[in-house]
Amino acid sequence: MKYKEIREQAYEANMQLPKLGLVLFTFGNVSAADRGQGIFAIKPSGVPYEELTPSSMVIVDFDGNLVDGGLRPSSDTQTHAVLYKHWTEIGGIVHTHSTYATAWAQAVRDIPIFGTTHADHNTVDIPCAPPMEDARIEGNYEYQTGFQIMDCFAAKKLDYREVEMMLVGNHAPFTWGKTAAKAVYNSAVLEAIAKMAVLTEQINPSAPRLKPSLIQKHWQRKHGSDAYYGQEGC
Amino acid sequence: MKYKEIREQAYEANMQLPKLGLVLFTFGNVSAADRGQGIFAIKPSGVPYEELTPSSMVIVDFDGNLVDGGLRPSSDTQTHAVLYKHWTEIGGIVHTHSTYATAWAQAVRDIPIFGTTHADHNTVDIPCAPPMEDARIEGNYEYQTGFQIMDCFAAKKLDYREVEMMLVGNHAPFTWGKTAAKAVYNSAVLEAIAKMAVLTEQINPSAPRLKPSLIQKHWQRKHGSDAYYGQEGC
Amino acid sequence: MKYKEIREQAYEANMQLPKLGLVLFTFGNVSAADRGQGIFAIKPSGVPYEELTPSSMVIVDFDGNLVDGGLRPSSDTQTHAVLYKHWTEIGGIVHTHSTYATAWAQAVRDIPIFGTTHADHNTVDIPCAPPMEDARIEGNYEYQTGFQIMDCFAAKKLDYREVEMMLVGNHAPFTWGKTAAKAVYNSAVLEAIAKMAVLTEQINPSAPRLKPSLIQKHWQRKHGSDAYYGQEGC
Amino acid sequence: MKYKEIREQAYEANMQLPKLGLVLFTFGNVSAADRGQGIFAIKPSGVPYEELTPSSMVIVDFDGNLVDGGLRPSSDTQTHAVLYKHWTEIGGIVHTHSTYATAWAQAVRDIPIFGTTHADHNTVDIPCAPPMEDARIEGNYEYQTGFQIMDCFAAKKLDYREVEMMLVGNHAPFTWGKTAAKAVYNSAVLEAIAKMAVLTEQINPSAPRLKPSLIQKHWQRKHGSDAYYGQEGC
């Protein structure tokens, strides 16, 4: 099997989605990039998770061209390709329609930063990109979705290396990370944050955002130069 | 065993309902039609899922007459028969009382098309038929339920080949498809859409419907003549 | 083992509670009555479900006196005894703190009859008894809880043979039936109805009650003299 | 293995968190104290639950100094140390980000005592401490979190031996008890109470608090001098 290692990474990461309760049937896909070879491995389109194998992962380059594999890649492949091409430090991307994150996307709202669970992973509200303009939809839709994501980050002056999750308005969440495993982790975290945020507003419609000093404290202890969460070298 | 193949299809599809979390106890039933023989196989009434076998499926014709089987068929059998008789291209029907779809039915509201998860499966709001008029209830209730469903589609000018799910007001959902397996898939999708829609309105009471260009894009990429979702021939 | 059969019935029914997701830790208890011997078997107090055995069930008479068993019976035993003594046709009782039914009890509201899932089991709103008066609380609390339940049924002119579930205000649900297994079934149905009803009001704050003709139709097809749901003799 | 017994207690208690659905990934930690030796065993920081072993538990003294163990202790270790040092009768502490309790913490609200499930465990609203002042955040944050918790109890005149659960505003819940197992039990109970309370307010925005006579009755039957819940000596 060619591209064995990256296919196995993509396979393992895809198989986490149903285990974490983030997908129904074939909704959702994970890719894993091999920067050295300039390619990524992605889930084949519409194939049930229980039928996946490492060898069924499809190999595609960062321009979205099919490189290797017997199956058609995920219909969202062009979105992954655009993000890998422009955001050069990411190694994995996940797209799901997980229930609570998708509900925020459908509500076309950023998820407010209400607590430390959120601040452990992001210092800002989870951004929600506006629905795509018609001219873009009529073009290459999945390719343009990549730009919709990047434009949202540019407009909000966000750095994809710090904020690894977002919502596409009326659509659903995307997450990424240095590895496919980290991107999957981010998808599960986003779903948890999204559920807590709905409940927070239900319990207190005027719930306050977390104050800047607490945001910085929680972010720094996990991600700052003096981070002390986790084990050395992890 | 006579009607072996269709009984096995109906059995396999029925057994998916508890696995997908769509039924409690004996609530719900699936049927599978054999158009060549003019019959369908349906769950026996009130029998727990764990006691079902392919041979316990009951064979009924499209006029609702018992053809083969040692048990009484589902109490909803006449509804299935009416739909098979008039909607000649469907091969499977599912009725459940799944939690979120039933809540929308009890609220007597169509489910608004809030996002792409919805548009991947339907281009319109999921229709909710009004509760049945008393004259119909006093007649053959389950037989009339079939007409309640068809009248709703006629009034809203919907095509059952495109919209494969609906709600009966104050009652619960029905779904169908070319096969029983597809009808079960539609029941799970409807439940997911119903849950996301409740949450969407909670997060944003004035959440916008998905705009027509996005509805068409998502529908066409899965169901249009140039569909590119899934594998060739799937 | 004395009272072997009724102990096994009570044991089996108790073990269904965690399987159906109706209890956390030791919250909840089931009893099963043997009318011929004038006793019932009930869960011992505070013992985890995974440590229960048929022989650990405690035997009590309808005046609440301990008859047989090495453990202290459920703290709710007097409530069960009162109901068995006065409602002479019931053979099983369940008390849980299941999430959604308990939330309605805490809200001190009857659960409105919003749909056919409800009407398949009851023709009326699920009654919620008012919180107990202080004079009763200061007496034998669990004994008085039995009268709180019966007084509620008398005030609302309900028949315990038709309505087999209710809420005690600020407290939690009780259900019963001809057997302990039926009482457990009723607890799970009540929880499902309670969850659907919360969601129904969320989706449509002015959701209509099910109309009388539909209530009667659904009740009669399952419970009337010409019932046609289920198999003959079931 | 040194400190074998207390490490095993801490290990067993930590492993209950994912089983009870109270944690995602590595969110959350349990410690168990050995008062005789003046130390506690706590989860190592950032290590997945499925990789934990008794020997990976880290031993720390009540001043927060590392005593034994090859891994870095939980980032919340100083909070545990402060509580053990000042609240001299507790033997176990749990911190989670469980969904519903965290939502109340994010809403910065006490959880009202709406029913007997709550009163079986507490006679007061579950207290929510205010978010920490900036001066404290800039100091030793986790150490100060311990004082944030104790100050809240002092301000509300609560006794940590009676109220074994609380929320830190904008953050998440903490629970404790005479043993680590009891502290874990309290975390699960808190999550259940938190979920029921959200639903109670949804069903009835003016739901009444449980009246004092019922609060005392339920508390006393489980915790009073004449308690009759559970088995003798349990």
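Per-chain numbering from 1; labels A, B, C and D assigned in written order.
In this section, contacts are C-beta pairs under 8 Å (C-beta built on N, C-alpha and C of every residue); 3 or more make two chains touch, one makes a residue touch a chain.
Note that the structure is predicted; figures quoted are calculated from it, not measured.
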Same or different contact residues where chain B meets its copy chain A, judged by the half mark: different
Chain A and chain C: spacing of chain centres that average the CA atoms, whole Å: 46
Approximate Å spacing (C-alpha centroids) for the pair chain C, chain D: 33
Residues of chain B engaged with two or more neighbouring chains: 202
Which pairs of chains touch, using the document's own definition: A-B, A-D, B-C, C-D
Residue ranges of chain B touching chain C (in the complex, touch as defined): 24-27, 44-47, 71-72, 75, 97, 99-100, 102-109, 131-132, 134, 137-138, 141, 170-172, 198, 201-202
List of chain D residues in touch with chain C within their complex: 114-117, 185, 188-189, 192, 195-197, 199-200, 202-204, 207-208, 210-211, 213-214, 217, 221, 228-232, 234
